[in-house]
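Consider the two complexes below, in which chain A is the common component and chain B and chain C are the respective partners.
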Partner chain A sequence: MIKTKDVKVGDSIPPLRKDVGKYQPILYAGASGDFNPIHIDPEWGKTVGLGGNILHGLCTMAFVSQMNIDWLGDPGRLKKLKVRFVSPVKPEDTITIEGKVVGKEGDAIKCEMSVKNQEGTEVMINVASEAKL
Partner chain B sequence: MIKTKDVKVGDSIPPLRKDVGKYQPILYAGASGDFNPIHIDPEWGKTVGLGGNILHGLCTMAFVSQMNIDWLGDPGRLKKLKVRFVSPVKPEDTITIEGKVVGKEGDAIKCEMSVKNQEGTEVMINVASEAKL
Partner chain C sequence: MIDPKFIGRKYSPMTYEVCKEKIKEYARAVGDLNPLYLDEEQAKSSQYGRIIAPPLFAAIYAREVLENWVLDSELSLNLPMIVHGEQEFEFFKVVKAGDVIATEGRIAEIYEKKGLNFISLETISINQQGEVVTRAVWRMVIRR
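Showing the complex of A and B:
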């Protein structure tokens, strides 16, 4: 598990790449209880102009959480996570999360991340976390 | 709650009609953990010759269980339920379950049910239950 003394401002966090499965939104509907048709029905997603069904924002946010926790080594170390959703994630997208340490005060650190799809489009902005090591 | 003395062979059980929702198979996938594409992906269901996605047999069986329990008044009274699946149930089908008491010995009763869709097709056969009042 990463130690306070080994972290400095500017350090990169190991990136995480997620290949979003065709059925990921349906699986996440089952996990979350959110069965909104925009998530589970591709035809409905087309009807409402989304071009198909889209992934729950909270699922993509969970990917960001996973990326942080994989690095921190302990879920309890992650204290805050904020994001702003700007572009939908779709089944079979590939999401890449990169980030770095932007602040450190004692054992408290702040990180910023970028979250992009396979076309380089940011699906979230203002992605920031706070952790305690 | 129905009493032993009020039940005799030949009695009808109050029928149950279920309008299967468009998303029932996806909801049941979430409840059961069975996300087989034949249940959650209409396109896949077409590809494999089912004409669309189909409902989990266990979900239809649960409807039969519900019909029995609504009448028995207590889930603990239902001791056995057996069915044989013969025809798939699809989203937006209407399923009607009818049944009657076919045996009684003390407080033990046996029932037989028919389970049909809106076209009168039996979706299950050999549908039988045993209960203790």
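Showing the complex of A and C:
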């Protein structure tokens, strides 16, 4: 598990790539109980102007949480996470999350992430976390 | 425009009992195979002593309050036009299998920006020991 002394501002966090399956929104709907038709019904997604069904933002945010915790080593170290959703994630997208340490005070660190799809479009902005080591 | 008089409106606490099988289902659904969420033997020998929930499992135990909010007939939100705009979580305590989490909500903001309507709910989730485990802000945008 990473130690305070080994972390410095500017360090990169190991990136995480997620291949979003065709049925990922269905899987997340089942696990979360969020069956909003914009997530599970491609026809409805088109009708409401989204071009198809879209993944739950909280599922993409879970990917970001995983990326942080895979690096932090202990889920209890993650203290804050915030994001702004700017572009929908669609089935069969590939999401790449990269990040770096932007602040450190004692054992408290701050990180910022970028979350992009296969076209390089940011699907979230203002993606920031805080952790205590 | 959603009437700003609803700012401060409260949604009473809803309780959720955290089940290890639901944690496993959730972890598999988001593709996070951390053994602390899935492997009972390994979880037992960890500092937590049992299966724990990933932080964003908060979306599961807060769900009922969020539903009560979004489906609140007095707000009459245009459901097909709602999209998730922003999300903030603050985690204070790790949630473990067997915990009973009570989540209550309060409308924190209602505003208009660039012709779009925004509304946010702040939720506070407390475990059976009375400890705050999570604070969250769920900010929705009503598209036109």
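Simple rule for what comes next: the second predicted complex is superposed on the first by the 133 of 133 C-alpha atoms of A that agree within 3 Å, B and C clash if a C-alpha of one lies under 4 Å from a C-alpha of the other, contacts with A are read in each partner's own complex, and residues count from 1 in each chain.
Keep in mind that, in the parts below, contacts are C-beta pairs under 8 Å (C-beta built on N, C-alpha and C of every residue); 3 or more make two chains touch, one makes a residue touch a chain.
Treat the numbers as computed from the prediction; the structure is a model and nothing was measured.
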After superposition on the shared chain, which partner residues are touched by A:S65: those of chain B (first), chain C (second), both, or neither? second
Taking the superposition on A as described, I'd like to know which of chain B and chain C A:G57 touches: first, second, both or neither. second
Once the structures are superposed on A, label A:D41 by its partner contacts, choosing first (chain B), second (chain C), both or neither. first
Let me test your reading of the model: by the given contact rule, A:E98 touches which partner, first (chain B), second (chain C), both or neither? neither
Look at A:Y23 in the shared chain and tell me whether it touches chain B only, chain C only, both, or neither; answer first, second, both or neither. first
Is A:K82 contacted by the first partner chain B, the second partner chain C, both or neither? second
In this superposition, which partner touches a larger number of chain A residues, chain B or chain C? C
With the touch criterion stated at the top, can you tell me which chain A residues are shared between the chain B interface and the chain C interface? 27, 30-31, 33, 37
Residue positions on chain B within touch of chain A in the complex are 22-23, 26-27, 29-31, 33, 35, 37, 40-43
So in the complex, the part of chain A that touches chain C is made up of which residues? 18, 27-28, 30-34, 36-38, 44, 48-49, 56-59, 61-63, 65-66, 69-70, 74-76, 78-85, 88, 126
Touching residues (chain side chain C, partner chain A) in the complex: 22, 25-26, 28-32, 34, 36, 47-48, 52, 54-56, 59-60, 63, 79-81, 83-92, 94, 143
